[in-house]
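Each in structure tokens, the structures are laid out below.
Same chain, two partners: subunit A is paired with subunit B first, then with subunit C.
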Partner chain A sequence: MAGETGTFSRRTFLNWVGAAGGSSAVYQASIALGLLPASDAVADRAALPNLDGARRSVVILGAGISGLACAYELERAGFACTVIEASNRIGGRNLTIRRGDVVDEAGYQQVCDFDDHPNLYFNAGPARIPGHHRLVLHYCKVLGVPLEVFVNENRHAWVHDSVAFEGRPVRLREFVTDARGFMTELMAKAISPGDFDAEFTEADAERFFLFLRRYGDLDENDVYRKSGRAGYAEGGMVKPAVYKAPYDFREILKHEFWTRGMHWTAAEDQAAPMMQAVGGNDQLVRGFVRHIESPIIVGAPVQSIMLREGGVDVIYAKGGASQTISADFCLNSIPKHLLPGIRNNFPADYLKGMESVGRGKLMKIGIQMAERFWEKQDIYGGISWTDQPIEQIWYPSHGIHDNKGVMLGAYVFNAGTCLEFGRLTPEERLARAIAQGEKIHPAYASHVQSGVSVVWHRMNHLLGCTAVWRRDTRERWFNRLQQPEGRHYLMGDQISYHPGWQEGALGSAHFALADLGKRVQAELGGDAVHA
Partner chain B sequence: MLRRLFVVLSSFLAVHGYSEPVTAPEELQTCVVCHGIELAGNQSVDAPNLSVLSAWYLKRQMQNYKQGLRAPHGSKDHVGREMAPLAADFGDDDMAVLEQYLADIPVFNAPVTIRGNASRGASLYISCSICHGADGEGNPTFNAPRLAGQSDWYLVRQLENFQRGIRGNSPEDLYGSQMRLSTSILTDRSAIEDVVAHVNTLKRGDH
Partner chain C sequence: MAGETGTFSRRTFLNWVGAAGGSSAVYQASIALGLLPASDAVADRAALPNLDGARRSVVILGAGISGLACAYELERAGFACTVIEASNRIGGRNLTIRRGDVVDEAGYQQVCDFDDHPNLYFNAGPARIPGHHRLVLHYCKVLGVPLEVFVNENRHAWVHDSVAFEGRPVRLREFVTDARGFMTELMAKAISPGDFDAEFTEADAERFFLFLRRYGDLDENDVYRKSGRAGYAEGGMVKPAVYKAPYDFREILKHEFWTRGMHWTAAEDQAAPMMQAVGGNDQLVRGFVRHIESPIIVGAPVQSIMLREGGVDVIYAKGGASQTISADFCLNSIPKHLLPGIRNNFPADYLKGMESVGRGKLMKIGIQMAERFWEKQDIYGGISWTDQPIEQIWYPSHGIHDNKGVMLGAYVFNAGTCLEFGRLTPEERLARAIAQGEKIHPAYASHVQSGVSVVWHRMNHLLGCTAVWRRDTRERWFNRLQQPEGRHYLMGDQISYHPGWQEGALGSAHFALADLGKRVQAELGGDAVHA
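Entry: the complex of A and B
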């Protein structure tokens, strides 16, 4: 590295120190003033007036998490609700797959062939519940859905990159420990106490170097030689520990893991500890269904949505015939990209807004393994990362020490890769996932018993996943779509700042309910004056 | 017949001033998820307007998908690949149901989304009109499908697919390979958009 570059980066760093000092000062002041950012999550209970005998009807389109929450809340406030769902299955994208389940993919229906055992399932949609997703947790609590810990990061898991370390997987803990060691050693070398400006006192500087030493596990000369954090090569229990030699930092730099996986759990939505529902995340759906008395009509695709003065008319198909339902309000969670294919009289700009939001893609492959071989490698739950198309391998957090387990053999976020997998037959997808898994776990294939792929952009009645909002579409269309059009509300995680999370779906549902509640309250106030 | 009667009756009884869509029979429920109610098309999921097409044309395309003449395994016709597994599952009985349904539903005009030079397109269209008709009405004698009212973005993509040899590259796909040769007069993307802009001006469907 040229001296010039070194000087430049040091100056940049010092500027940064100043900036950080400034912002931290502001932060401290805000805490003192009690100005910490308040969450915009709506209160647990949806704000709905009690109808006290007044008649109001709501038709809810889609029996996903948002639709179910609306039915639950509205019927408790005395509204007459009907839920209309295209699929024969309730739950939408909240989907847990077990033995015998049909994966309703357009053109490639699969039937799950896992063993019949309560632990042999995988969550094809929502898998993780973070501690700050208050609405999801609220409903789990009131609906009696028990939760358990979900392991989202495991330092014993593997990180793999086809070009780094000659394609050998290394333990996540080694990678992170060495990366931190090298980074902090470099900083300690590049910075001397005199580099700081006057505001940074000598005592501050001293603590700064101590910080580096602790953060990177450097020795007393601020050199990274070895660290038990990486795990020992051998010994450490009844024989003396033998440290691992640090990796070559250039191999770490080549590796894809630090571009994404290494910082994954720093995100608020991904941070430990996380939770999952005991027995599969669709227990939340079952909890809702247990507590909802309103009719949920399944196998009933909506054909037409017509807004009119004072209400909304919906036509749906049921068993080859059509049925019409008229209601005072309509709460609609049908994926926005399917709505242009449904007969409607939406204003042109409302429809254009829906068409402007992108259709997300995600894919998961669940594989039943004859043996929980990963537990013999010290891996209990968590994720291994690879630069291969499968991106991730998940080890189940539940069923520890059972004989068998269902692991996630692929979780693909890359849209192009999803399309590519989607064009293969389910058998070909599975074969690819197994071949890639072999690069991380030799003899992987020998454990495989059966697998199921869920390609969300091909799933019937969904044809997509997380709504893709670009910044310009957000600015142009979000408010337009979040606000009701007449007595029709578009909702679901697609109409939130948190698409791809159930909390977004529930937040959007509560937003719509609050607005609807206010309107009904105003109407009832008028009635009261009349009487 | 009974079903049709029911449909007619129920729309007759509809109290609000719009016509009720003709419900697709169970066999076609998956079709309408993508292609929309009454098969009118949905660009958001790349599904063209089928209401303008005739049963003989759809039958042949389904056959082409099945036989790997259109969007075969490994093909660059990515959207066609989305369709192919569905065609594989579509039997002769289903085809008969589709034929009846096409007869029951109105012909829709897809919204205009392409901006091209229609007058330039008109002169390019002259040679197209030999098979597809001056009004783009199609001609079964020449195995040429109706173009008028079709989703314009779909026409653009198909013309590009023909040109690039993504569609019509199998000699067994007789009419596809004919079409592939015919696209040689469209020298660039703007020529394609121009000719489609002209198709957008043709006498359109009854809806």
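Entry: the complex of A and C
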């Protein structure tokens, strides 16, 4: 039924199958993917030469995840490393906030007032680890960081749109089930078995209609009337189950949820299951620190980076004085948008690349609740979605049935909203998040005990949340910035195809280490690189 | 385009909307569901009268979850309880198997040979708790049973069909993404904006097409070409992502996965998130036992149940002798298919009901693996699906990155397959499960250290796995069996709309308690029933 005639081309169906790739392409691709995991396992050590008594020094700028991984790998291979960190804290954007922690924001100082309890923390940075982020998982394993399952999708959570359903939140499972049901009912009615191409056998077509029926949970007449997938309206245990009537599909179409949230946990990095470190995701930072012997100098903003033949000279401030450190190589994870403000002798196009790539913005607000009221609504972990500026509410995956819990009261991806929240005082931000939370959970405010906001573009020494690559900047600048300039490497999640993810940071670190390793190997003349 | 003409009725769309219920029905239902959680919270105590010095005795037959819950509630209300259990073990089908445990099967004796380690156990019975199973969760909370998240869906797990894709397993996320993509592409092409009714506005129709595009991750021409939701073929971190080509949809249609497994985690009791008790689900049994003071007499098969005016007399065997116990009430969770074999004076129709309802069959095999090889394939918890007799393979949700793990090597729902496996020796069952596992995980056998099978219809004192209710037996017999016969109550998950679930067992227990409570209250003449 392509085009305006309203008739379904008999060849169309098979053409679509064809457009999706012939058998051989399909099989090649599936084999490629199917076999990938076994052959692409993370090596025990980064590809670095064994120095065997030779001396090489590396200065690492930034004690975030990429810098820490480099120090860990390099020192095990015999390199002399120094890590320089501008802030007084190790970890970069891997930040877990607990009682007494100070949020180092420009202009406002917040001190976290959560209760002192191991379950009461707030992952202001990375909060969830997908099963295919192999480097993150590798380091969690070798550094002894215990992991637990993180709930990214909760079908009992709420989806809220200020306009649809008169502004009332509905259960995620109802929304998704009704949308699927209606969509497949429409499809089952719009297509006839006679429409299929001869190569699409009658048996195929029959299976297709059965597929639709199962997919949408349609009745034997291919009508979507009700589904247990939406949950019960009542009963189901000692009385017969009563199912809710489907929603009006036009209300569903009005709703913002399907534009993003509904497919969230199908996304490449959001699919179930996800994991988190037990006790807070900064356990990965602590794991690195436990295993690193090289000096990590904190409270030491870099003032100058000078490339020279055979090395790099770095000047940093520490205790009111300037210190100079010279090394054979520099691995630099300082946010690229801050580097033009540091004295340097980078080539003009290298700097232009750094300035051309966008600066990310993100905001999170953590709120300690006196009571885990969400558990009384059958919600254990996961996310509620709203079209309000707070975008998402998260329920903790851990501490089930504790008295208290720390929720995420806002997770703002929209840059304009981040700017707007950033201009408010922390108290005003919290008040706004609470008011919006009330639309989803009546009496929300009554449970609030304490809140803390992290507006990443206002955090000292960061002033942004990773890089925003557009297609044009990616094509023009990515390789330029990924390749070393002399003996200086830009790195971190900003120099990856996964900005904002620890896996991007670690991938970038390993990319730089591999290149550095090859060069040192060439200098040493040997070939004893660890596999 | 309903019917044979291939044209799309202009009224059809709105009729479908109408068929799905008008606005007022929709709103009523949604309000009903939306408000349910707050108003339907589990009361702190079962609805039992406070005896205030009056004496009432209850004999409870069966120390499974329903029996334990009854003892717990009744003794707190002042009732004198005795629990009689045929087997030497408390818990019924809530069974966690660890090193040294004996599997009490008729004909074969297995002793579990797993390593002695807190993470190496196998939940042979209930293994996952949904967020809306409020009674189970209530008891976990009040009995101090710590819970953790259980992975029920893993998009990195495998789906395998012996015929489709030439018998090669494919990743669940690839299968689901391609199926969605193809289905919505077909739909977007088969329907024209002009087909919609005038009441379905142009803006609605536009949003519908955008909805489809997002739903299937179609490109700007509404063609499904590739999707990150299926995962990467390669790259994505330091190199650009390469996406796999979509599979041939005819292969997808051949596959058994979409007939059940694909929609599994949309089902009412299978939706994310689910939970498990830390250390094994029999922690709930242990929690009850810690809090129950009434005698629980094990190894005591019931020989006779005699109803009489004002009470029930039960004879049970213990230590080679017969013991008699008389009580004011009897709460009986003995499997209904075993009761006709016990001497009784039940009315004929009561017995006929017990005999009319089917006897369930289920089988699980737990296997200790020397290595958590699945984690090298990005699999952390969850289920792989196959059309082979083993049906499912489960990966443990706990003990991430441990050296070893206990997998579920088979979860057989098909009754015929259960019978077939049941006729084999435990060694033969394990060998068969391993051979089938090899189709999904090459070198599977090389990791196997030890296995144990639980064939529920062969387990002593159970000889079945709950009740199988058909529509006709439900209509004819459910109310008859749910209502007490004199002072005798049949209970357990078998007398619920959730056979095979602890929530059904607890719901049934509370139903019986509420009825018993009302009767005692009436006898006492008061009205001080706990709310």
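As a convention for this text, the second predicted complex is superposed on the first by the 481 of 531 C-alpha atoms of A that agree within 3 Å, B and C clash if a C-alpha of one lies under 4 Å from a C-alpha of the other, contacts with A are read in each partner's own complex, and residues count from 1 in each chain.
What we mean here is this: contacts are C-beta pairs under 8 Å (C-beta built on N, C-alpha and C of every residue); 3 or more make two chains touch, one makes a residue touch a chain.
On a predicted model such as this, the values are computed, not experimentally measured, just so you know.
Shared-chain residue A:R470: touches no atom of subunit B or subunit C. By the touch criterion defined above, A:G381 reaches subunit C but does not reach subunit B.
Once chain A of one complex is fitted onto chain A of the other, the partner contacts of A:T259 are limited to subunit C, with no touch recorded for subunit B.
Residue contacts after overlaying the shared chain place A:K518 against neither subunit B nor subunit C. Of the two partner chains, neither subunit B nor subunit C is touched by A:R290.
Of the two partner chains placed by superposition, only subunit B is touched by A:S304; subunit C is not.
Judged by the touch definition given at the top, the superposed model places A:Y215 against subunit C, while subunit B stays out of reach. Once the two structures are superposed, subunit B and subunit C can be ranked by residues of subunit A touched, with C on top. In the superposition on the C-alpha atoms of chain A, no part of subunit A is touched by subunit B in one complex and by subunit C in the other.
Interface residues of subunit B, counted against subunit A in their complex, comprise 3, 6-7, 10, 14, 16, 18, 20-21, 23-26, 29-30, 32-38, 40-45, 47, 78, 81-86, 88-89.
Subunit A meets subunit B in the complex at residues 86, 106-108, 301, 303-304, 306, 308, 313, 315, 317, 319-322, 324, 336-338, 340-343, 345, 354-355, 359, 419, 422-423, 425, 458, 460-461, 463-464.
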